[in-house]
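In what comes next, subunit A is part of two complexes: it sits with subunit B in the first one and with subunit C in the second one.
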Partner chain A sequence: MRTMTPPSPDGAASPADGGGKRSVLAEWQLALPLALAFASIFLAPLLMLVGVSFFNDEKITQPGFGQWAKFLGDPFSYKVIADTMLLGLKTVCATIVIGYPLALIYLDASPRLQKVLIFIIVMPLLLSVVVRTFAWIVVLGREGVVNTLLLQLGIISEPLRLLQTELGLVISLTQIEMPLMLLPLISVMSRLDPNLRDASSALGASRWRTLFKVIVPLSMPGLVAGCLLVFASSTTAFISQTVIGGVRLIYLPLLIWQQSLVVFNWPFAAVVSLTLLVSVLTVVSALSYLGRRSGGYVHG
Partner chain B sequence: MQQAVKANAARALDVEGLSVRYGTSTAVDGVTLAIEPGEVVALLGPSGCGKTTLLRVIAGFVRQAAGRVRVDGATIDHLPPNQRNIGIVFQNYALFPHMTVAENVAYGLRARGLKGPEVQARVSRFLDTVQLGGFKERLPRQLSGGQQQRVALARALAIEPSILLLDEPFAALDRNLRLDMQIEIKRLQRTLGLTTILVTHDQDEAMSVADRIAVMHKGRVEQFDTPVAIYDRPQTLFVNGFIGTTNLMNGTVASLQSGTATVALDAGATLTLPAPAGLSVGTPVLMSVRPEQLVLSAVPGPGAWRIEPGLALPIGAQLVHEARATDGTFLKIIEPRRAVSNDAVRTYCTLAADARPTLFPRTT
Partner chain C sequence: MFSRRRLLAGATALGGAAFLPSIAHAKGSVAAAIYPGTWEEAFRAIVAPALKKKDSVDLELQPLFAVDQVAKAKAARGAPPFDAFVLDPGPRITAIQDGLFDKIDIKKISNASKLPAGLVDEWGVGVNAQVVGIAYNPKKVPAPKGWKDLFSEPWVSRLGLTGFQTTFGTVSLIEIAKVFGGSETNIEPALVELKKVLPKIAAVGQPAAMPSLFQQGQCDVMYTNTQTVATLKGRGVDIEFVKPETGAITFLTTLHIAKGATDVENAYKYIDIVAGKEVQEALTKPPYNFIPVNKDVPVPSYLPMKSLDEMSSFVRHDWAKINPLRAGWIEKFNKEMAK
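Our next item is the complex of A and B:
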């Protein structure tokens, strides 16, 4: 080996011998600023949150498990957790039911139409969530677009109550979160080999068989990614939840807001925050586990 | 019983006056092909000549603007691809990446409503046919390119198609494997007696696999004939240039008698050759002659013209000479290496005794 290495003119050690350890150290040092930034702005507040949750009083002076006991001992808490998770699941289902066919339409569209469609899909992301949410108040209100239309068509005689109901909230969240479902779905689907559909068809499969046996399984990674994003985003969508849902529908983010900024019970707010974090993480990891199991082959 | 016999019989395929337009451009322009039962036909041409579009019309993926496709006399134009019972092997194989080899082969059978043991039996039979019996549980990505192609072939054959379509099937394989697969496909096709259409841009592939070749150019079939006839008697200048290597020499028709023309070559010789229709005295013509149909000689003679010898390259068992005629035309001459004698500088060229030069009218 030594004889093969040409001598370095300046006598410096060649990178092959002895340089390895130094370069590993250098790489590790390069990551340090980012690691420190993460630790200070992400990890530290999280640890503080955990710390704060273990105080019994609002002034944060007496350590103890009082707030956890209070929260976990109250049946109301479980109802709020369940409502929040259910809201997320319902929104995920609605975005799949509407988003998947939309993604299929996109896949079949001509390149020119695809450009228009992608603009329409991305456009909501360019608007503030607050603006989109208030737009939904106009649409869903007692004298809003939906009620006026249905009344004039004679389908209903009394205006429907859509605001401050879960239905109205799911409808508006479905629209608000739709780009998060469509973008990963479309990106995975448009990478599928178009010959697969032709091959399936030539082998005698109907369109439905092709859809369920070929396209759906192969688009699973995109679908799972979309579900994760929509779920995480809709369960924590404080603005939409409070503006459309009002104070009658209570979800975990509203509870956190009430406890921290209305009654100033920070330890209790910390308990609720951690509960939200853990519940969302649990569902998200379950979903991504399922996604990995069904979708691993695509990246292989 | 009658039906069983018919299911295994090879089908005739007729393409009649087929045209396909994409917007304003015509991809396929009035193509008519009568393909005999059990025949292997290669659609050969440069990229963009419409051969793949023609294949996709037969498979039902593309709708034609005009014309008909018939299988055993019955038109199939109204049928969607999934009711045509046509097997197709794609250039990239298009295996379902999430299914095992066995599931891929079973796919078409399940789509036809076959169940359990019957599917298993057929899958085993066709995987054994392509010598992949032991690979059932593998995923496509765990197979080599040649193995993937065998799976694609087994998948297409398992549905017992009436016609087999192969879209550039050997393009993605390396050289050695390509020949093996060509032999394999030819063997399978013979055994099963399947009418097969092969799309390719590789003339060697078309020559070795096909019974007849349809040479396509700009959406039209220029010539539809056996490989030997296409090589020896090209009907158009395009076919002449596309198939094999050829020399083109300028000349003028000096006289015409009953099917033969006397041509004065610009290079200086006068030759009497079979004349195609449409020539008259004084017509400028191109004479096309294959490199192996020219011989070099040291002495002048009747029908010989003077050349300036250039490089000689030994290629395998042959020697390829480059030469320049007096009118500036560059010629390639191929001769067997053992025939070469180094005793004299050979500055004359003439047609070999068995040469079959072709005349084409020259448009100036």
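Our next item is the complex of A and C:
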């Protein structure tokens, strides 16, 4: 393997390394292990997945479009796709509504309080998603914390149905996915120049105007990154979806699990997996396109 | 992560033929798939030390649900990631059809004579029986008599359901179908009745979530096995088991040797020790609450039968008929139950 020669002090390539071309080659070679790993552990299985989806039978012997026709010809499939995407969008909205003010509080907090806040934000990530999900059963259950509190306060007379509803699922996913929204948001927002806010208010803008005309547009890259992560993670959150949502709320990950691990119809599971992949990628691309447009607006 | 077993497999491949005899004769280890949760805890606490003591064999447990074991063994195509399976009847039939087992040499299982007839066949050894019926919370609802009761008040609005993903869910729904005029191969009547009461039902959940939902009071009636009832009771949950008037359901959990297993001899020793009196007796005790299959072990008093022979009158199902229909049932259940 070639070694990289450090550039000479005057910045020109030393004669020994044969000029700039060779060091470019060395850099390219350095990326090779990652590229190979990426190709073998991500790209190859993905291609296999695509291949398997074009088989008609469970034993993967007869090539054909049968499974695609079955999935795409069933109106139920479209309902499941739409429900899955909607769940992601609802979770994204909820994390923005709660997460953005939290990020603003973080921005204004003292360095000491910031440390406490970041600890609280990161803490859910330190727990397994299974534990967090089952904890939500205790919180949202018929005799759970929320219902007991509301009953004792006399606000309700019958326990509310929170578990196994989309509302309950969105509430819990909002908490579970919150770090994914807050971490990119905070990292972008804490790099904002504080002078910009002062300048905005010195020029007569109200706090709200400063927020919407200065802070929100400038924090857009963080917000978009957060949205992408939350969306991708919540639409594929199999454990939370099935444990909190129950099996009457059907999303694509449940179908994949049933087809691959219960009935062993791998071609059909591959079709559903690819559908999930394509649908998530479509929404994610749309979100990042919107993000880029709003970024252009700030600088334009 | 490299497990000891994988390293061994790697060494075998690299070292070539010269190494083979010494590895084959090493006391070594056996890798066994095991259900996550109670089974894993129990086998780690009881079976592993017993196997080590008696045969100097290390038991390496790989927590996997039955369907996952079959999926992994299928995907591994002849080089299974473990030596022994633990399976319920449905996945067992699938695995036999896919040729994932080695045939069992009964002579190598010394405890086979202690097991009731029908527990050992050419493919595997039954080491545990499950009894499925109705569980209810006696402080919230009266005891239901049978499956039909679950569809009327006060039970229906406190009912927790699971679908066809698990063995116990499938057989319970079949029994429900039967009381409404269906059969082992016709579950339509169960779905029709369920649909009628669907808005009232307290929970339709993932099987693994059901004990938590019951414990949290989300539902007060559900179908489940005696082991779950005993375990929840041990945690102080108000729960009782009812044998439905049409009969409790029973099915076996069986151990099998994987085709292409690297430690076949040790896998036999493992199966033998699980079927043995000491291990079977220890497994029946709390918090594990297994149903014993060894004739020398007394049947625990909380079970709905006095002896193992009584279980021959319990309801059993033919999974060779059920398996081909199950995919369709799951699809139908999804569509009928979806909100």
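Quick note on the criterion: the second predicted complex is superposed on the first by the 267 of 300 C-alpha atoms of A that agree within 3 Å, B and C clash if a C-alpha of one lies under 4 Å from a C-alpha of the other, contacts with A are read in each partner's own complex, and residues count from 1 in each chain.
Here is the rule we use: contacts are C-beta pairs under 8 Å (C-beta built on N, C-alpha and C of every residue); 3 or more make two chains touch, one makes a residue touch a chain.
As the structure is a computational prediction, the values presented were derived from the model and not from experiment.
J.: Label the relationship between subunit B and subunit C on subunit A in the superposed model as either fit or clash.
T.: fit
J.: Have a look at where A:262 lands relative to subunit B and subunit C in the superposition and call it first, second, both or neither.
T.: So A:262 only meets subunit C here.
J.: In the three-chain superposition, say which chain, subunit B or subunit C, touches more residues of subunit A.
T.: In the superposed model, C touches more residues of subunit A.
J.: Quick one: classify A:191 as touching subunit B (first), subunit C (second), both or neither.
T.: Once the two structures are laid over each other on A, A:191 reaches no partner at all.
J.: Touch test for A:134: subunit B only (first), subunit C only (second), both, or neither?
T.: The second partner, subunit C, only.
J.: How far apart, in whole Å, are the nearest Cα atoms of subunit B and subunit C in the superposition?
T.: Subunit B and subunit C, overlaid via chain A, are at closest 45 Å apart by C-alpha.
J.: Using the touch definition from the top, list the residues of subunit B that touch subunit A in their complex.
T.: Where subunit B meets subunit A, its residues are 59-61, 80-88, 90, 92, 94, 96-98, 107-108, 111-112, 139, 141, 155-156, 159.
J.: If we count contacts the way the header does, which residues on subunit C are in touch with subunit A in the complex?
T.: Residues 65, 67-68, 70-71, 74, 94, 162-165, 202-206, 208-209, 212-213, 216-218, 326-327, 330, 334-335, 337-339.
J.: So in the complex, the part of subunit A that touches subunit C is made up of which residues?
T.: Answer in residue numbers: 76, 79, 134, 137-138, 141-144, 163-164, 166, 242-243, 246-250, 255, 258, 260-265.
J.: List the residues on subunit A that touch subunit B in their complex, please.
T.: 193, 195-196, 198-206, 209, 213-214, 217-218, 297-298, 300
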